[in-house]
Amino acid sequence: MAAVKTSFKIRGVEFANRVFVASGTFGYGDEMPSLVDVNRLGGIMTKSLSWKPRDGNPPRRIAETTSGMLNSIGLANIGVHAFIANKLPALRRTSTKIIANIAASSIQEYCDVLSLLEQQEGIAGYEINISCPNVKEGGLNFGTDPKMTAAIASSLRKLTDRPLIIKLTPNVTHISEFARAVESEGADAVSVINTLIGMAIDVKTRKPKLSTVTGGLSGPAIKPIALAKVYEVAKAVKIPIFGIGGIADVEDAIEFLLAGATAVQVGTMNFVDPAASTKIVNGMERYAIDQHMIDVQQLVGALEADIKFSVLQSWL
Amino acid sequence: MAAVKTSFKIRGVEFANRVFVASGTFGYGDEMPSLVDVNRLGGIMTKSLSWKPRDGNPPRRIAETTSGMLNSIGLANIGVHAFIANKLPALRRTSTKIIANIAASSIQEYCDVLSLLEQQEGIAGYEINISCPNVKEGGLNFGTDPKMTAAIASSLRKLTDRPLIIKLTPNVTHISEFARAVESEGADAVSVINTLIGMAIDVKTRKPKLSTVTGGLSGPAIKPIALAKVYEVAKAVKIPIFGIGGIADVEDAIEFLLAGATAVQVGTMNFVDPAASTKIVNGMERYAIDQHMIDVQQLVGALEADIKFSVLQSWL
Amino acid sequence: MSNETKPQQQWCVVENCTEIAEKIFRLSFKFPQLAAAVQPGQFVNIRVSETEEPLLRRPFSVSRVEGDLIEIMLQIVGSGTRILSEKKSGELLDVLGPLGQPFHLQAEFDTALIVAGGLGVAPFPLLTAALMKIGKHVETFAGFRSAQQECTEHLENIHLATDDGSRGFHGTVVKLIEDYLEKKSTAKYKVFACGPTKMLMALTELGKRKSICCELSLEGQMACGVGICQGCPVELIDEEKKYALVCKDGPTFLSTEINLREAN
Amino acid sequence: MSNETKPQQQWCVVENCTEIAEKIFRLSFKFPQLAAAVQPGQFVNIRVSETEEPLLRRPFSVSRVEGDLIEIMLQIVGSGTRILSEKKSGELLDVLGPLGQPFHLQAEFDTALIVAGGLGVAPFPLLTAALMKIGKHVETFAGFRSAQQECTEHLENIHLATDDGSRGFHGTVVKLIEDYLEKKSTAKYKVFACGPTKMLMALTELGKRKSICCELSLEGQMACGVGICQGCPVELIDEEKKYALVCKDGPTFLSTEINLREAN
């Protein structure tokens, strides 16, 4: 292939290309090697890491929906200590950048996990999952409160000079408000979107399909919503956006770039087609070459829209 | 079939069953007769009516998405006067209940349209589409502002003794807040949900597929989200809920009843299968009989969930 | 603009599905009521999958009628048409039709100039038969990307153009008909056209220049196909009503009625 | 719990798909590497549609191996299995495997008691062949709703039960094996079971009462099938680790390791 620049930088860290795998859909990066050439990826977002290991929710944790799926894994994870001891050494040997995704139930826990990871080599940056219950506020979700969201960003910013990415929840009225809040606290990027709250019921048993009643909706079904959220955020902030939500193929990925994402993450489709992410890596390069580009960056925000943003929420 | 009670009442008005057709997906109720036996329906929500006729948005107004569709019709409608003159006389001859859906860009316009319809026979009630831009507030959506939402409900309540149904938008953080607001202003029911904001891009032309960039997402893809919203609202208010969003078959409809909806509306699927709504009417009766019920009402809110609502938004 | 036959929804048995040119298929199915009622230019809306993806029905012109059988021509452009092209004889198909307004054959003309771009040929076998029946002369101008896509059965007096020159005239079908109109001039013409929007826009220009009545059959994204969803507007030139609906008021329009745009 | 062969993703040519009992099909496809490596109890995860609905892969036990061919048995229960059952010889199938931990054959027993509920028979032709190869005696207890669903090819010493009494013992397969265990008692048994969760729970009880080692193959909703998504937990009795993953640590578990619940 002709030379087209696929790499990009965030806070000085260079990523080989713009295709990442989303947190929770690729384990800790060490489980898929027989199925995916991880070295072809722009980076890997690890499963969310908490301070202590978490068992996760009781079964059932998954329900299939039309062109999508619900999950209520409950952030089952091995904990940050086991991650450092058992996973990181092998990950350091891959050439792909590892972004540690962090989940917590208090600002203190976010800080503790990040501080511990700060002392480790081989971590390219952090993605902060704020779709978590704040135990101090009776379990209210951090991610739906702009003040708490800003407080997390500002506390963590003080602790690291590595790229700090805040992963936003779509379950809010104006996601751009949250993006602006973390941008002004010094976050280097935002990930848009985490899952949407959804539910499914088994009409035979009359019980919810998930043990937690509701769960997070992901997959191709949510792509149009994710794309609109990325577009809203792109109009509001200057920091890079990781576009996430239902990305299945290279066309989907390019839609996100055009809407304003600097890079994309592939989530649920990793389960359906383990090769999805690497196919997108190849396809994106091919598309850029076909369009006579010299840098994939030329696609970012290159949507040709002739009307004003202000009609966005009107007269559906 | 054995006798099972399918009818229910809102503010004294009796509806033959719990299956309605959603606003904007069935015209004014007079276009589908060769394809659907409208007399079998619980009721018809008309296309949103505004004071003056509206041309609607320029093409393209529709884009198909994975298991869903985006629309930005722009509330094209003939206006309330033409509706009364040209549509209502024929509708009065059907035995199905007609609910007039009203859209407006000011509280005054909502009041004017409703007042005019108040003088007409043959209208069983009103459904108020509040997913509309408030021109006084620079186009901000009424439906995302709890105060404006309450103000619309209270203004209209004063003008009518017919059933007043407020149709809520899902594009908010806590939809239950809006449901509570309209309940306390005397609304008789809420419709949950209108479309979700979404977007699609043509990667060949790099243009948004819709002329308005974003539009409203509907269809099976959104069903899990709609169901979670209905469940959230059902926990918060006592007034009946019309469950809407991606309903394609009788199982879907029953999921909504179990989650707490008193009745359902079929929208997008009318386009895919004009017989969808009447099939659901039959299927719901059959299901109730098979389950040895005497009244379909027994299904409403009959979800057997063993965990507390408070974990709803946590640890996805 | 009146269409007397109400649309019906019917499960139809597939009779045959054959590839007749590159990625182009002829699909026939049994639908007696439709076969009896359909007029040239009308279309059907077909559900391609029992699952909910792809969700919406797909519109196709009725191409021919043979006894009880309806024949459509389809080109694989995406997942819906791919799925349809794989239908086997004996399978069932959920079809809605007849839909839309037919071409107007009673206007004052003696020679019909049919202009088709690519799969825009689809409605013209049926139209040709109807025109011949009422004694009109027919000349057909059909343009394809290349010879591999050629599918011109059941058409009359064919003038062929290909983009790559692999068969017939090397260039656009609009240029081809323009050249044709240079030469002859005694006949009273009416153009019937179907194809890409750009082609229809060029024909609109040509019709204006040459004062020839052009009736165009539009394509464009639809949801309901029956005039309910307001999803398929085309801008009218008329000041009073801003938009018409392609599915209900069309798909056939006089070029002088409408303001075609690329978004159509 | 170790599985040496790494899973592979492969496009496989369908060899054959035949209905062998009511709504039950035998589907075979070519996958040489899998045929060479798969062990009894392992499964494959199949993508049923090129569209995104149904979205997730569907897990199926490997039922038999014949040369390069892999054979699965499938029962139509929803749209995914319906679509799979319509696959024709020559079509391509996206298959991931081998997945999961096989049954353990090396334990101390001389007689294998295979217990299958409905399509729970699927993994047992392969297991039976392997057991016979290492000289174990096999008795098979197979329960079906009624005779129409019976599919017991390639099994040994079959004891049949049907819910409606239309063939064999009228009652559950658990009752059938319970009766069997009443009669004989010198052999050293191991139970291998697959079927509805309720059946597996009853067998767990029986195994405890009779002190017979039971190895169960679980079914349950999966997303990835490869241990990545944490979507398929089964509760462990062990205090240290609360859950195991059905797809990666199972689907085979000793009944004494796990706390089966109806939600599994």
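Each chain gets a letter, A, B, C and D, in the order it is written, and its residues are counted from 1.
Following the convention adopted for this analysis, contacts are C-beta pairs under 8 Å (C-beta built on N, C-alpha and C of every residue); 3 or more make two chains touch, one makes a residue touch a chain.
It should be emphasised that the depicted structure is a prediction, and the values quoted were computed from it without experimental measurement.
Colleague: Among the chains here, which has the CA centroid at the largest distance from chain A's centroid?
Modeller: Looking at centroid distances, C is the chain farthest away.
Colleague: Between chain A and chain B, what is the separation of their C-alpha centroids in Å?
Modeller: The mean C-alpha positions of chain A and chain B differ by 33 Å.
Colleague: In whole angstrom, how far does the Cα centroid of chain A sit from the Cα centroid of chain D?
Modeller: Each chain reduced to its C-alpha mean, chain A and chain D end up 36 Å apart.
Colleague: Could you please state the distance in Å, as a whole number, between where the Cα atoms of chain A are centred and where those of chain C are centred?
Modeller: About 45 Å, centre to centre.
Colleague: By residue number and range, which residues of chain B touch two or more other chains?
Modeller: Counting only residues that touch two or more other chains, chain B contributes 57, 66-68, 71, 73, 211, 220.
Colleague: Where in chain C do residues touch at least two different other chains?
Modeller: 52-54
Colleague: Quick one: label the inter-chain contact graph as line, ring, star, complete or other.
Modeller: Contact pattern: complete, every chain touching every other.
Colleague: Please give the residue numbers of chain B that touch chain D in the complex, ascending.
Modeller: Interface residues on chain B, with respect to chain D: 66-67.
Colleague: Over in the complex, which chain C residues touch chain D? Could you list them?
Modeller: 49-54, 79, 83
Colleague: Which part of chain D faces chain A closely enough to touch in the complex?
Modeller: 6-9, 47, 52-57, 94, 96, 220-235, 242-243, 261, 263-264
Colleague: Give the list of chain C residues in touch with chain A in this complex.
Modeller: Residues of chain C touching chain A: 52-53.
Colleague: Could you list, by residue number, the parts of chain B that touch chain C in their complex?
Modeller: Against chain C, the touching part of chain B is residues 24-27, 31-32, 34-35, 47, 55-64, 66-69, 71, 73, 76, 211, 219-220, 248, 268, 270-275.
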